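Across the two complexes that follow, chain A remains constant while its partner is chain B and subsequently chain C.
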Partner chain A sequence: MWLSFLTPDLFASAIRMATPLALAAIGGTICERSGVVNIALEGMMLVGAFFGVVVTLATGNVWLGVVAAIVAGVLLSAIHAFASVTLRMDQVVSGTALNILALGLTGFLMEVIYGHPGATNGIAHKIGPVFNFPTGGTGVLATIWSWVDQIVFSYTPIVYVAIIIAIVAQWAMYRTRWGLRLRALGEHPRAADTVGVRVQAGRYVAVLISGALGGLAGANLTLEQVGVFSDNMTSGRGFIALAANIFGRWTPVGSYLASLLFGFAEAIEIRMQSFQQGNQIPVQFFLMLPYVLVVIVLAGFMGRAVGPAAIGKPYEKE
Partner chain B sequence: MPVLELREITKVFPGVRANDRVSLVLERGEIVALLGENGAGKSTLMNVVYGLLAPDGGEILVDGKPVRIRTPREAIDLGIGMVHQHFMLVQTLTVTENIIMGHEPSRFGVIDFATARAKVRELSLRYGLKVDPGARVADLSVGMQQRVEILKALYQGARILILDEPTAVLSPQEVGELFGVVRSLVTEGLSVVLITHKLDEVMGAADRVVVMRDGRVVGETTPAKTDQVGLARMMVGRDVVLTVERTPARPGETVLEVRDLVVLDERRLEALKGVGLTVHAGEIVGIAGVDGNGQTQLVEAIVGLKRPQSGSISLRDKDITHAAPRATIHAGVSHVPEDRQRRGLVLEFDLAENLILGDQRDAPYARAGIMRTRVIDEAARKRIGDYDVRTPSIRVLAGNLSGGNQQKLVLAREMGRDPDLLVAAQPTRGLDVGAIEFVHRRILTERDGGKAVLLVSMELEEIMSLSDRILVMYEGRIAAEFAAGEADAERIGFFMTGGSKKDHAPAPQAGTAVAGGGGL
Partner chain C sequence: MSETHEAPVVRENLWMKVLRTAGVPLLSVVLAMAIGSIIIAASGKDPVLAFGALLKGAFGSPEQWQIGNFRAFGDTISRATPLAFAGLAIAFGFRANLFNIGANGQLLLGAVTAAFLGLVLGGQPTWVAIPLILIGAALAGAAWAFIPAILKAKVGAHEVITTMMFSWIALYLTSWIISGPLKDAAGNSQTPMLPQAVWLPTMDQLLPAVFRTPVRAHLGFIIAVGLAVLVWWILKKTTLGYGVRAVGFNQWAAQNGGISIAITTVYALCISGALAGLAGASEVLGVQHRMFDEVSAGSGFGFTGIAVALLAKNHPIAVIFSAILFGALSAGAGMMQLTANVPDKIIMIVQALIIFFVGAETVITWFIKRRQKLALEREGDSDVA
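The block that comes next holds the complex of A and B.
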């Protein structure tokens, strides 16, 4: 059983499952580094996933769907930015409100547009893998090649994009002017202000980027993985992404790697479900596993995480 | 032509005229001290110059040209740099990152760190501000961080440097170094505004002094034309006794005895590494030291706010090592905490309520769990009179009092309990000259009344003028002990900065370095 369990496919599945988490987590990292708490990642993923499907169905073009997902995420995050940066609202309250708004909005529009609750119509064609190398044949080499193909070349575009974003964001955070100022904003915004860095503008940009990445994460869920939007389909992934961001110690690459861990848990969960025919363990038990892992990792494994010093504090000039 | 001229600057906050037609002139290559008590409007004025506050009236001229400064960026572009009292440094970033932020050498947004480091090194050499460009700011001492702040201003091209209370956090040696640096900046053609309320700094460092009181300029002079007493009179508006008059102590029996005390800080590192000390009745023992060398943990352990790892604390032979604050109060320990707003008072409570904190369960203030308002108010009125707390009524909230009156309130409560031991941490921090005088006299009165007093202060002056014995703390140990009048600031400062570890002391005749700090 274990041999048929630990297949290359499991690892590929882990990377696929990690992708939406990683995108949202990196968005969370950027947002929180600027000093704004973002627990609305869940909502941003949800509207991205939904509007991706809606626009794809309406236009027949899945790429327009991806763009729509990003725009939807950005718009939702703009509300968060306005509330927490301009109005200096409590950022957790704003984030919670947006999550509820996203859930209600998608559920409501789904019924209005498609006339039935629970799920949208399915899109005709999901986004396919980038590469399509021939596999097959026999022998050791062919087997190895099929593994390589599965683990390296089997993915849809956003999966690769997520890896690129992790690396580029990491580089940008530590090597560019934008990154330096971003890190300062979340630690000591007044210090940044006194040398002429515009605190509020910087925070807006960071929050909007997190919205874009959250939307893209949603697009990956519906347009690449599932092909249909169902009610509350993110089911807590935004919060797992938030945990991945913390576990990754507020760095983009760290967020990606942490997401990979949670993605792996999700891949195992899916695999276990298919193995469970005939035994008595209820399916909910497996569904629970990634979340249990989050709790174990955050509570037990990593020790105390020290986030940006000024996180959650609205900035006010003297 | 002056590099900076302020004409009739006015800044109004709701209910207060923080600056009332303030004018000031700064010439090239000059150090002007802006002297005044807390709340006199010095920092407000400089925040206006630095673009952090918008003035309600008046004019600012830089190099003779009228300018409008709306943001710090505009101030920087005009060559104005400011080192704030609370450093504007990002702790998690490196020295270089902090210095270049806002003016990063970069191409297409990518920072050229090699150039940045080279520039920082060059500036640091030119002005004698030694600092490691790659170090994380969080790992630097306070004095070092201040250098980074000055370098930051220089990097941004400051010709006018505003230093806001720069010595508040420094050891005497660091103060000396700082003023050395300031001198060299001035010879290089910079102009410096030094905001301070310390008279000795003004006398030692400034070319000219502008004195502010209640938002107005009340006088201008030079150190040559006046002395500290004259400056104090201008600053406060009345005669002030600067030196505390004290009689020799007549120590009685041992009240507090601390042995081999080890206390961990919040990072679980040893903040106290085996401290021993005794305080006798009728004696003031002063703890000198740079902030963060274990003084806070020592105080917290004695008053029961922190659990010692090992060692013992006893009060009149009664063990209070593990006593909770409530038990230590009952045992006869009173505590004037270093942060009166966070620990000394409940700012949302009125004066009467604040005055019985800690005694609220006990007679005569409570009976069977019910507060006796009449008794409480009566006691409150009496104490407020005794301690000269200026307030219209005992129903005023503590948060609405001035700092000096808040501190008097804390003293009134803690001393009113008639303790055996008074632990006073930074009792005059942030107070003006008049209030400091009051607090000092009060502490001496307690001593003369036979109380044991443990005084912790960053202000060496205060320690030296009040203490009968002085202990110097360095890195969690007692590094040296001096009798009153035995040591000068320089010798104490030497041990405050870890001097005992080096080969020789500057003047070996006085003072005993206590090896390991254990047995006193």
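The block that comes next holds the complex of A and C.
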């Protein structure tokens, strides 16, 4: 039974489910490393998911949809940057306001544009897989090839982009001048300021990057996975991404791997729903699974994780 | 410590104090409404018609008042009731520097517990059953906040993430309870109707001389007002309240003063959870008289509670007024959608803007004061020179 449960498709599904979490988590990592808490990742994903669909439906071009999703995420994050860096507002309060704004704005515009609440119209074609290698045939080699094809070559573009971003961000954070400065902003902004690093500008850039990644995560949800936007469809993923960022010890690759764990929980949840015969276990218990896992991981891990020292503290020049 | 912090430099009377502290929130509401109007106009609808309809939906008209028909205002108060409980819950957490963003989960647990106890205790006399149900719901809410509280106190897991996760878990747990063990005889995803003995009496039943036609507002609102006073008293006059404020104000100072941060955190978050649980119970006993998915789908309450608390600057008495404002927005939204064809989601946008402006204004006033202080210091320096 378990052998038929653990198919290559399950792992592929885990990587797909991990993608939006990972993009948002890496955004959260970059943002928090600069010293700014971003609980508005949820809202950034939501506006990205929504405007991706809106622009795709309006123009018929799904790539313009992806661009729109990123722009929407950046615009929302610009408000967060202005509030938390320039106004030195409480970052959690600003994030909360933006999450509610995203929920209200998407719901409002949905009714204005499509005339009905709940969900938008569906897009005609989702973004398909990058590769389309032929599979099939019999024999051991053909089976192994079909596994490789599923686990390595079956994904849509943003899934690969997320992996590339994780690696590039890790490299940039630890091997470039920008990364060194970014980390300094979050650890000791006064010291960074003293040696000539522009603290506020650096934080703006970090927050805007997190908005772009949040928007891209939203695009992955609607344009690659679901094909339609529905109310509050991010369902807490922005917060799970924050947990992944902590579990990944505020590093991009760590964030990706932690997201993979939560993505795996989601994949198992979906698989188990269809796997069980009859209805012995109510569906709600499967749906709880990813959230329970996040709590367990935080409970077991949290004491040993240390975040950036100046996180959440607005910086004021002397 | 925070006593001296709160004491104004110049002695002022109560009205001056109210005006000074309420100025920023009132300005925030006006600004948010103005931007809301712009958004309505931009979407091709009439903002004057929209807000006119909203006011009528929230407060009714003079002709209605003359015949003792306060239905619209009753709707506002009935919407304000769970918001007041939820607002108190979140404000109490904020006082200890804890952000109970997942109050909605505790609210749902309170609601489903109230429904369960209502079915069990329905045969008991009202004055026995209702207090027991309310206590049960408060305990359920507190229990749901307990694990995040312990995790915060023991390992430092941030309550924003853990309470949010628990809120989603609560959503699915209650959804299972009402579609499984507690589903009604017809097999719908809702509990059976509660016996009338455990319904909270409505205002027209309590005060028939004033409310001559049926209203939705119920005893729950009076309980909320009483609790607001109690919470104010706890914060102001008790050792527990002092600890909560001290931890919220300055953790290190509080610890040096002999206050346990861990224990205070657990107390504060659990009390917050208990208040949120009562929000759910009051909605079930006072308005819906059963628990169904809409109670959770209207999951607005827990989140709107954040706006309620922030607008009230976490002052328990101010929470009541703040809740009435958001209750009015929510009650009027239906009429607005009907009359002016403006999606009721605009209320959420206005809510977000209010949170934003209140948050930003606090910073701005702080900034102005600081600038004044710096200017004064500079004058002092030049005197010495």
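The rule we apply is simple: the second predicted complex is superposed on the first by the 313 of 318 C-alpha atoms of A that agree within 3 Å, B and C clash if a C-alpha of one lies under 4 Å from a C-alpha of the other, contacts with A are read in each partner's own complex, and residues count from 1 in each chain.
In this text, a residue touches a chain if its C-beta (ideal position, glycine included) is under 8 Å from a C-beta of that chain, and two chains touch if they have at least 3 such contacts.
Note that the coordinates shown come from a computational prediction; the quantities given were computed from them, not determined experimentally.
Contacts of A:K317 after superposition on the shared chain: chain B is touched, whereas chain C is not.
More residues of chain A are in touch with C than with the other of chain B and chain C. Touch criterion met: A:R175 reaches chain B, while chain C stays clear of it. When the two complexes are overlaid on their common chain A, residue A:V295 makes contact with chain C while staying clear of chain B. In the superposition on chain A, A:L287 contacts chain C only, with no contact to chain B. By the document's definition of touching, of the two partners only chain C reaches A:L101; chain B does not.
Shared-chain residue A:G236: touches chain C; no touch with chain B. In the superposed model, A:V205 lies in contact with neither chain B nor chain C. In the superposition on chain A, contact of A:A192 is made with chain B only, not with chain C. Common to the chain B-facing and chain C-facing surfaces of chain A is no residue whatsoever. Note for the complex: chain C touches chain A at residues 39, 43-44, 99, 101, 147, 151, 154-158, 160-162, 164-169, 172-173, 175-176, 179-180, 303, 306-307, 310, 343, 345-353, 355-356, 359-360, 362-364, 367.
Taken in their complex, chain A has these residues touching chain B: 175-178, 180-181, 183-184, 187-188, 190-197, 309, 317-318. For chain B in complex with chain A, the touching residues are 47, 50, 52-53, 71-73, 76, 82, 84, 87-93, 97-98, 100-104, 106, 109-111, 113, 152, 156. Those residues of chain A whose C-beta lies close enough to touch chain C in the complex are 39, 83, 87-90, 92-94, 96-101, 103-105, 107-112, 117, 235-236, 239-240, 242-243, 246, 282, 284-285, 287-288, 291-292, 294-295, 298-299, 302-303.
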